[in-house]
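To start, the structure itself, in C-alpha cells.
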Amino acid sequence: MLRTETVRKILSWYEGETPGLKSNLSRLLMHGRLAGTGRVVILPVDQGFEHGPARSFAPNPAAYDPHYLYELAIESGVSGYAAPLGLLEQGADTFAGEVPLILKLNSGNSLVKTQDQALTGTVEDALRLGCVGVGFTIYPGADASYGMIEELREITLQAKSRGLMTVVWSYPRGGNVSKAGETAADIIAYAAHMAALLGATIIKVKLPTDVVDLADAKSTYEKNAIALATGAERVQHVMQASFAGKRLVVFSGGAAKNREELLSEVQSIRDGGGNGSIIGRNSFQRPKAEALELLKQVMDIYA
Amino acid sequence: MLRTETVRKILSWYEGETPGLKSNLSRLLMHGRLAGTGRVVILPVDQGFEHGPARSFAPNPAAYDPHYLYELAIESGVSGYAAPLGLLEQGADTFAGEVPLILKLNSGNSLVKTQDQALTGTVEDALRLGCVGVGFTIYPGADASYGMIEELREITLQAKSRGLMTVVWSYPRGGNVSKAGETAADIIAYAAHMAALLGATIIKVKLPTDVVDLADAKSTYEKNAIALATGAERVQHVMQASFAGKRLVVFSGGAAKNREELLSEVQSIRDGGGNGSIIGRNSFQRPKAEALELLKQVMDIYA
Amino acid sequence: MLRTETVRKILSWYEGETPGLKSNLSRLLMHGRLAGTGRVVILPVDQGFEHGPARSFAPNPAAYDPHYLYELAIESGVSGYAAPLGLLEQGADTFAGEVPLILKLNSGNSLVKTQDQALTGTVEDALRLGCVGVGFTIYPGADASYGMIEELREITLQAKSRGLMTVVWSYPRGGNVSKAGETAADIIAYAAHMAALLGATIIKVKLPTDVVDLADAKSTYEKNAIALATGAERVQHVMQASFAGKRLVVFSGGAAKNREELLSEVQSIRDGGGNGSIIGRNSFQRPKAEALELLKQVMDIYA
Amino acid sequence: MLRTETVRKILSWYEGETPGLKSNLSRLLMHGRLAGTGRVVILPVDQGFEHGPARSFAPNPAAYDPHYLYELAIESGVSGYAAPLGLLEQGADTFAGEVPLILKLNSGNSLVKTQDQALTGTVEDALRLGCVGVGFTIYPGADASYGMIEELREITLQAKSRGLMTVVWSYPRGGNVSKAGETAADIIAYAAHMAALLGATIIKVKLPTDVVDLADAKSTYEKNAIALATGAERVQHVMQASFAGKRLVVFSGGAAKNREELLSEVQSIRDGGGNGSIIGRNSFQRPKAEALELLKQVMDIYA
Amino acid sequence: MLRTETVRKILSWYEGETPGLKSNLSRLLMHGRLAGTGRVVILPVDQGFEHGPARSFAPNPAAYDPHYLYELAIESGVSGYAAPLGLLEQGADTFAGEVPLILKLNSGNSLVKTQDQALTGTVEDALRLGCVGVGFTIYPGADASYGMIEELREITLQAKSRGLMTVVWSYPRGGNVSKAGETAADIIAYAAHMAALLGATIIKVKLPTDVVDLADAKSTYEKNAIALATGAERVQHVMQASFAGKRLVVFSGGAAKNREELLSEVQSIRDGGGNGSIIGRNSFQRPKAEALELLKQVMDIYA
C-alpha cells in the first residue's frame, strides 16, 4: 500500500526531525487496519507492572503469556504494541517485523507510595528489538515530575538522533492537581501541551472530563467560552493545545468498561479530531474473540 | 546593513568571549527593525509551559499554532524569538534562518508547587536548530535556587565554548523575598547583578517597582539617596548593577495590559538606558494586526 | 499483509541475530511486489560513484535527479533501494518510509588505480536516514582486501547491535584471480561463502560463468563432478556455498543488456534457487516506462 | 531583507538536513550583494598555505595582513570568506558577525611532493569562531584520496550534527587522471558528483575545459552527444551531475588573469546555471580599489 | 612593573584567544631583562634529545645538571626556558615560578633516520609543571610532515582551550626542499607563514640566507623585487609573511659560533623587526660567566 496524502501531511508536521524518525512514524501509520487513515489504535501492556499480574491478567489468563499479547496485536491489526522490556523480549524474535513495537522505558508499580517511575529499558534495547519508538511516562505535578522530565530530555536526545519516535504518556497528578483534576479538561490539555513542548512525537493522555481544575485557569475558560460540554469538544480542545492539531494525540480509555461506553468514547475522540486510542485492559482482559471483535468495532469507527 | 558603531561598542564589552558568541550576539543585534540600534525586542513564548495552553492562547486562538508564533516574530521584525524545544522544532525547518532563535533550556509549570524548573532541552538541540543562544531561568531565593544556578553553570560552560549566548531569566522568589519584593527595585537590581556574575550574555528581569524589600538594604538605599522615584530611575539603577551598563538587560512586561501602560513602561526602559523589552503575552494574546501595530510602536520608541 | 510461511522460514535461518535485524530483514522481504515470496529485487545506484555520472545517467538523463531514483524504486515495487550517502539524503525526507533503504557505506571510483574503496558513510547515518541495513563491498583477492574485510568487521559489529542488516557486495579481483576468474563459478561460490562467513545478512555476487579459475580447485570440481553447465546449476552451486541456501543471495546483472538476455538470466537465478536480483543499470538507464515494464517482467518470474 | 522564494527553494533541496545547517546556509545566501539571488561569490584565501606567502601576497603586499582580507570580504559584499585557522583567528573578534565564515579544515603546501593535505583545524574551532561551515579538499584519483574521503566522512558527521555546512573542494589529480584531465569536462562532472554523493552542502570545482579524459567515458559522451562546446554547456553538464542542479556548485577561476577573461568565465557560469564563483587570487592580488571594482562587476553579472 | 603599551599592542593581535592564553603570553613578555619591550630571548635545551648528551653538554659539563640550566635561565634574565619533559621536571619544583616555562611536546633524536619527531609530553604535563606554553616542531616538506601538522592541530586545540600558548618550531626539510633551501629566504618565510596559519602564538624559524629555493617562487621574488640582500631585509620579509608582523617570531642561531657573528645576527633580527632570539648552544655550551655576559649583550641590543 502506498503512503496516503493524509500520512504525507502528518509527516510534514514533524519538520526538522530526521528521515529515520519519519520512516518509523510512517511504519506505524501505514500498518494494520487503520493504515493510511492518519488514525492509530495502540495496544499497551504495562498494567502488569503498574497494577500487578493478577489484577491485569486474571480476568483472561491467556494474557499471562507474552506470546498471546503479540498475537492479539497482530491478529487484531492494531497499529502498534507498547510494553516494557521483558514483555517485548518474550516474542520479539518469534514475531519479528509483524507489528510496530514501542518499548516503554519507564514503569511504576503499586508497591511504592511515591508518584514516580523507574527507568526499566534503554534506547539501545529499542534498537536491538527493532522498535519504531520508545515510550515514557511523566507525572506533571508530582514531586518527582521535574526529575522525570529531565530523564525524558535525555531519552529524547538519544532516541531522535537514532531515528526513534518518542511516545509520551502525560499523566498529571500530585502538586496542584486534585484527584478529579487528573482528568479535568484544563489539566489534560495542559498535559498534552507540555508533552508537545518536550518534543513528543506522539502524545498519550486520558480522555478529559468537563471539569476545570486549576483555580487560575477558570476565568480563562469562562471568559473565552471554551466549549467543554461534549466529549468531542473536550477532545477538540486537547488537540488545539497540541500545536493546533499538529501533533498526534491518542487517548486512553482506562479501566475495563462495557462495549457501549467504550465505543461512545471512541466516537467522541474521532469527532473531536483525536488521532486514536490506546486500549489495554479493554482488550487483553476480554476473551480473545471478544477482544478482536471489539477492536474491530473501534477501528471501524476510526477508519 | 553594516555593523554600526553602537553594536561594535556593545560587542567590545563581551571581551574574552569567543568570536562565535560575538557573532551570534551580533546576529541578534543586527536583525529586524531595531538592527544596529543596540536595543532589542524579543518575543518569548514559554507561557504555554508556565501557565498552560488555554491561559496563554485562548485570548487569540491562532497562537495555538507554532507557525503563527514564528510568523509573528518574523513579520513584526523583532530581534529574536525564544521558546522551549517543541515550539522551536515546529517551524525551525520551515523558517530556517529567518529570525534569531533562543532555545529555552528549562521550564516550570503551574501543576507543581515547588519553585523550580526542569531541564527540557540541551545545548546540542540549540546547535541542531540553528539558535544564536540558549535561555535559562533562575529563581534567586528559592529553595532550589542553588541547584538551578549549578545547572546554569554547566550549560554556560557548554554553550559558550560552542559560540552560543546565554540569556538568563533572573526571577527572585522565595527565601528572604516577600511577594512584593519579587519586583522591588533592590531585589531586581540584585537579580540582574547575580545574572551578570554568572556570565549571562543577556539578562532578563522584571520591571522594578519603587519598593526596597530587603531589610539589610534599606539603610544603604537611604544613606546613598539612590533615586528610585521614576521608572526610568529604577531602570537606570538596574543597569548600573549590570556592570555599569556593560551587560545587555531586557525587561519583561508581565501580564497583558493596555497599550498606554505598556508604551509608558517602554519609555521608562528607554529613558533609563535599558536595552529593550521581552514581550510575550502583550503580543501573542492580541489579534495579529493589533500585535504588529503594538510591537511597531514599541520598537519606534526604542529606535 | 501478514508475514508468510516462506518469510518466517527465512528469518529462522538468522538464528542468534537480534529481533531488530530480523524486523528489518522482514521489512525488506514483506515490501513491494515480491512481498512474502522470499525473493527480492533491489535497485542499487552506486554507479555514479563507480563509473562517473555521465556513463551512469546520460542514457536516461532523468536519472541525474535523485528523486527520480526514489520514484523508480517506489513505483516499480522493488524490495529495496541501495545507494551512497548523498543520493539517499536527497529524498530520504520526501519519501520517508516508502521503500526500504540500504546505505552503501563504502565506494570506489574510476579515477583511482588501486582496487579498494573508501568509507563514505556511517552506521549512524543509516539510523538517521531510517535504513533497514547497510551495504559494503569487499574485493577478495585484492591487495587491500584484508583491510576491507577488517572495516566490514567493525561495521558489522556496529550495525547488528543496532538492528541493521549487512548486505555484502563480494567481488573477487586481483591476487590469484584472473580477469576471467572474476566471474568464474568456483570464485563466485568462494566469494559468497566468505561473505556468509563474515556474517552477511544478504550476499551480493555476480552471476557466475562455467569457468573454474583457481588451479587448486579444478581437480575438486572434476573429481566430484560438480555440475556447472547451466546457469541454474551454477546458481545452485553458489547457493550451496552460502550455508546450504540458508543465506539470502542476490545476483547482479552488470552492464545494460537486452531484455531477453536479462530475463533469461533471471530465470536461471530462480531455477537455481537464488533469492533474487540487484538491477541497476538495466533499470535506471532505460526510459522510465520501459524500466517499469522490465522490472515487472523480472518480478513476475520470481513471484 | 526577508528570505526570497529562490532561497527558500534552494533550502528545500537540502531535505533531511538539520534546521541548524539550513540556517547557516540561509545566512550565506542572504548575505552581501547577492543576497537572495541564489548565487554566491566566495573569497577564499588558502593560497598562502598552498603556494607560500610571497607568491600569494607580494603582488599586493597589503594582503599580508589578515585584517585586509576581512575588509576585502566585507567591503566587497561577497557572500562569504573561507580560510585556514590562523587567518580566520586574526580578525574573527574584530569583525565578528560581519561576514559568513568558512573554516578550511585541511591544507596542503608546496614543500611536500605527495598529493595529500593535512588536517589543520577542527569542527570545534569552527563553532568557536562563529563559522557557518567548514571547508575540505579531496583529490579524487590521488593515492591518498581514499584516506582524504574518509577524513571528510568523519568531519561531515561532526559538522552536520552541529548545524555546520560542508563545502567540498573536489580537485581530481593523480591515478587515472592526466594533467589535462584535471580540468576535463568529464572529470570535473565526476568530481562534482562524488562531492554530492559525499553529502557536500556546497561543491567547489574548477571551470571545465572541453576535454574528455577518461578512456572509458569517451564513447558515452559521443553516443549521447553531450554538448561541451561552450563554457556554459560545460557548466550545465557539471550542474546536471550535481543531483540535477539540486546542489550548490561554485567554480574557481584559478590563477590571476585579465578582467575580460574572468568576466567571460563568470558569464559562462551564470549562463550554464552555476551557482557562483570562488575568487581568490583574482581579487586579493589586485590593489583594493581594483579588486572591489572587479568583484562588483562579477556580482553584477550574477545579480 | 605595569604592562607597557608595546605589550598591550602585541596582546591585541591575538584577538579571539582566551584571556588565559593572553595572560601567559603577558607573563613571558613581562619577565626578565626584556620585560615590556615586546622582544624576547628564550633559552631552549632540547639538543640533548636531538644530538645526544656529550655533543650538547661536554663543552660545559656543568650543563649536564638540569638545575644548572634553570639557574642559567633565571640568572641571565631571559624571557623563558623551553625543554622536554625530564629536563623541566628536574627543577620545576625547586624553581617554581622563577622563570616562564615552555614544555617541548615532541622531540627527535640522532639515532633515527626518518625526518620526524616523537610526542614526548602532554598538555596535561605542561599544566602540571606550571608552564606558560607548549612547544612543537614541524618539518614542512618531510614525508611525515602532514602527520606532524595533524598532531599539532590536536595539541593546539587542547592547549588553547586551557590557556596555554603554542610555540611552533617550523623547520622545513625533505620533499621539494634542497639542503641549502632549509634556510632559504623563501622557504623560511613560507615556514613562518604556515606556523601562523596553524595558529601558533610564537613562531620559531632559522635565520634565513639570501637563497630563493623553490623553482615556482623565483619569478615572484624577481618580479616583485623583494629585497633579500641584508639579514635585516630577510628578517623583515619573514615578519611580513607572519601576518604582516602580527605574530611573534623568534630566530634561532644554530650551532655555537663566535660572539661577533652572533651579535651581528641579533642586530639583523632587531633591525628587521624580529621579536627576538632563541639561544641554546651559544649559551649553555659556554662557561656560565661567559654565557651570562653574552646573553646580556644580546639583550642589550634588543632592549
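Order of writing sets the chain letters: A, B, C, D and E. Residues in each chain are counted from 1.
As a convention for this text, contacts are C-beta pairs under 8 Å (C-beta built on N, C-alpha and C of every residue); 3 or more make two chains touch, one makes a residue touch a chain.
Bear in mind that the values here come from a model prediction, so they are computed numbers and not experimental data.
The chains that touch both chain C and chain E are D. The minimum number of touch steps separating chain B from chain C is 2. The most central chain, judged by the distance from its Cα centroid to the centroid of all protein Cα atoms shown, is D.
Over half of the residue numbers at the chain B-chain D interface are used by both copies of the sequence. Among the remaining chains, E is positioned farthest from chain A, on the basis of C-alpha centroids.
Think of chain C turning onto chain D: fitted on CA atoms, that turn is 70 degrees, to the nearest 5.
Averaged Cα coordinates give chain A a centre that lies 49 Å from the centre of chain D.
Between chain D and chain E the centroid-to-centroid distance comes to 36 Å (mean Cα coordinates, whole Å). The set of chain B residues touching two or more other chains comprises 18-19, 92-93, 124, 129, 161.
The touch graph of the protein chains shown belongs to none of the named shapes.
Chain pairs that touch one another, listed by label: A-B, A-C, A-D, B-D, B-E, C-D, D-E.
Interface residues of chain E, counted against chain D in their complex, comprise 13, 15-17, 140-141, 143, 145-147, 149-150, 153, 157, 172, 175-177, 186-187, 189-190, 192-194, 196-200, 214, 216-217, 220-221, 224, 226, 237, 240-241, 243-244, 246. Residues 2-3, 11, 18-27, 30, 74, 92-93, 96-98, 124, 127-131, 161-163 of chain B touch chain D in their complex. Those residues of chain C that touch chain D in the shared complex are 48-49, 51-55, 57-59, 61, 64-66, 68, 84-87, 89-94, 107, 109-114, 116-122, 124-125, 129. Those residues of chain A lying in contact with chain D across their complex are 15-16, 18-19, 161.
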